[in-house]
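Pasting the structures here.
The two complexes that follow have chain A in common; it is paired with chain B in the first and with chain C in the second.
The block that comes next holds the complex of A and B.
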């Protein structure tokens, strides 16, 4: 019976190919959809962790800039500064726990081969947002003119990069975060101040009357015990002039909402393709069994039991669906893994592929689900085959 | 038996030709590299695109010869030549010729994976074609 199933499939190659294509479509959709949704979820979790502070304080002028949120969340290059006196005023507020300043600077396109990159300077002594990410790949202390490159920068440890005429050494590369960190260059505050000085000397940037020694771009703050981030944000916004405090959770709300929308759309798409695929598979199996009623009747006459006929139909379905599902899953991986960067760019949302183990698990799950669906669609036809009236069919009164 | 082998060979040769055409036409029309800079000059990835286009054209010519030539030995030789061509094509983006600095740019996200996939698929299909031709000779 096993070889008969294989011979039947080979003998009707077009039908087999169509059924395999449907099974492939099912597993491709489920695997692709699941991987995209999981990657978006992981990207959002990574973004939340990447912000790493309860509150972010920036100069009020910065919030007037159209691309302010893109700069913080999406990695659009840019810079803004506030005087250290304002930062000190914020630091003295009650309820401020951990606090660390950051310095932003955008490189010029000529320093690298293509487009500008965002430079972020931090104070290693006080930092609690960038250092945890860097420590995953680099255990040492960042020296003067040492930089840490985001994972999406096409540079390697030991490479030299020149920013505003200052040659910097790549000390480490961050692991992939799925956020704007991937295209950012990190350095100590001293290094970034040196770059700012150099850019001013070369006339490549215009910071008006900003003194790099007495300026910061933003303050990352964790609320002290007993103070909620909301209270701290309100306190700073009311009592400190010319700055704006944001609760970081609120900053990513827009992204979180978009991500929810995309996930829902993908879920609906998977469900629609799934229902359509199962209906078409059921129809295809039913038509195929109707077409072959005389063939099954002859098999009954030569001694095949009702159970073995049902088994034959199920085996054919399982073989077809298994091969089709494997092909669909392979195609899904071939599209999603190499082109994940393109998908990330197209969606413009934080996107971080799950680990190898999870991908293998999702692939196995998609294949099993697709095969089981195919088997379920064929089960009705198998049941009908097991109940055929041999005499009636062979007489031609069907 | 021979008819079946001929069908296999024809299907494989057609698949090789399609992949090769995808490679050379795609490199210019679909998965091309990043555009020129504001000053009109090109970035390094443009030259990788040119190299992929060139090797794609060579592979397309080999695929056409594969269909046109009748001598089985020559067919095997042509099919085998696709193996190094495909491998080199896959190595061009970012290994033989550096691409842009940001891996989120088009040359990394679209051109590189497409060139690697089409290059490797053509190389594998060429090798399979050569093996099938060898089996035919044994038969």
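The block that comes next holds the complex of A and C.
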């Protein structure tokens, strides 16, 4: 009986191939779509965690041409400084809870530096945004001229990298975050200050007249209990001159909005393909059964029960859909896993693939969903076959 | 096995006619006994196929009952009746009845596959030789002529050696020589204890008949042979 189903499928190889392709398209879309949506969600969560503070304060000039926002959200490189006195003024505002300064520098691709990257220095004593990330892969204390590399940088632990003539050692690599962290190098504030000093000496810093010891690029601030980030941002922007405070929630609002848009579009696409797939599949099954009405009647004559005819139709459908769905899911993984970097760039949104376990779960889910859809599409045909009027069919056209 | 039809008749609803209820087979009783070849003749549209379908458990009569060795066919569940037909009835329907994805041998052995029975290859081979299609065993139905397909259907109906045989114009596409061979096969099958009913337009069939029935406008009458 099973071999009859297989032979029927082989006997009509073109139709079987078309049906399998449809099932494959179904599981491909469902799996690919969900994985992209999930990755975007995870990317956003990761980005929120990466920002890690309620409020960021930068010098006003850093807000020109969206320099700062692009650095955080798009991963472009850049640096800017404000005088320590300004930072202190901010820190003294009421409502400021946790606060930690950061020091930025960008390396260039010229002979002075091993790789062009964004460099971020943090103060280990006060930091609460970068350290949690580093702790995931590195338990130790970062020494002077130790650096931690983002996961997308092509360096390994123990590598020596030179920035503006200062040799640094890669002490750890971060795990993937799906954000601009993946192309950033972290070090202690002392290390980055040393690099800034060296870049100034070599005349390779855009700012010629700063004092590295008295310069801060950015303040990461959590609002104190009883103060909302909103109030704090307003307070700083009104009372402290030449700085700009950002609520991090607002910064990623644009991203989370466009992410919502992309997710909705993918959702619609999945729904459309799914509905269309079921309609076409059930049409195809109906046609395939109609075309073989006489054969089914013959099987009845030979002694097949109504139930076993329905079973035959379902078996054919399940076989086709299972093979097709597996192929579609495999193709989905083959496209998504190796090319997720490319997808991330194309979408220009934070994108972080779920873990292996979740991917396996989604794959199984997509295959099962598309097999069930195929079975549902075949159910009507199976029911019709089980009700054929053998006497009528066999009497008809010879 | 003895098949007994008791006052069976069959009505059809037809919208196109003025009287939309019409009786294709009028009330009739008959017996298919082991060892007998029953030949049923009659004009086209007289109700032969309708009668044969009722007797072979494929079409429920509007009234009356059909019993095989005392067992009421239409009191059985679909499953029971299907298995019963599979084991005890060989039906050669009117027209072409090949399963196109199977080759000739597989088509002939098909009755064994539904319930996982062991196929009787030897019997299949013998029948193919007898019906002169042994050389086509591995051919696909699409490569066969109408007459060859017909002989394949005959082999398929006989392969399980069922006690009851129903043949609806089994020689429709055959030449004289093959027609004679088919009737010889059916006659022999009856002689070995089978209860055989065949519908035919061939006048020659009369000479093989143990029982000769004719049908006219739904009425069955028995002729003297």
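Things worth noting here:
The criterion applied here is as follows: the second predicted complex is superposed on the first by the 389 of 398 C-alpha atoms of A that agree within 3 Å, B and C clash if a C-alpha of one lies under 4 Å from a C-alpha of the other, contacts with A are read in each partner's own complex, and residues count from 1 in each chain.
Methods note: a residue touches a chain if its C-beta (ideal position, glycine included) is under 8 Å from a C-beta of that chain, and two chains touch if they have at least 3 such contacts.
Keep in mind that what you see is a predicted model, and the values were worked out from it rather than measured.
In the superposition on chain A, A:12 contacts chain C only, with no contact to chain B. In the superposed model, A:344 makes contact with chain B only, not with chain C.
Applying the stated contact rule after C-alpha superposition, one finds that A:4 touches chain C and leaves chain B untouched.
Touch criterion met: A:390 reaches chain C, while chain B stays clear of it.
The larger set of touched chain A residues comes from C, when the choice is between chain B and chain C.
By the touch criterion defined above, A:299 reaches chain C but does not reach chain B. By the touch criterion defined above, A:183 reaches chain B but does not reach chain C. Using the contact criterion defined above for the overlaid structures, shared-chain residue A:357 touches neither chain B nor chain C, since it reaches no partner. If you check the complex, the residues on chain C that touch chain A are 49-50, 53, 56, 58-59, 78-79, 82-83, 85-87, 89, 91, 93-102, 106, 110-111, 113-116, 156, 168, 172. Residues of chain A touching chain C in their complex: 1, 3-4, 7-8, 10-12, 294-295, 297-308, 390-391, 394-398.
Taken in their complex, chain A has these residues touching chain B: 109, 112-115, 117, 151-155, 182-183, 334, 338-339, 341-342, 344-345. Considering their complex, residues 34, 37, 43-44, 94, 98-105, 108-110, 112-114, 116-117 of chain B touch chain A.
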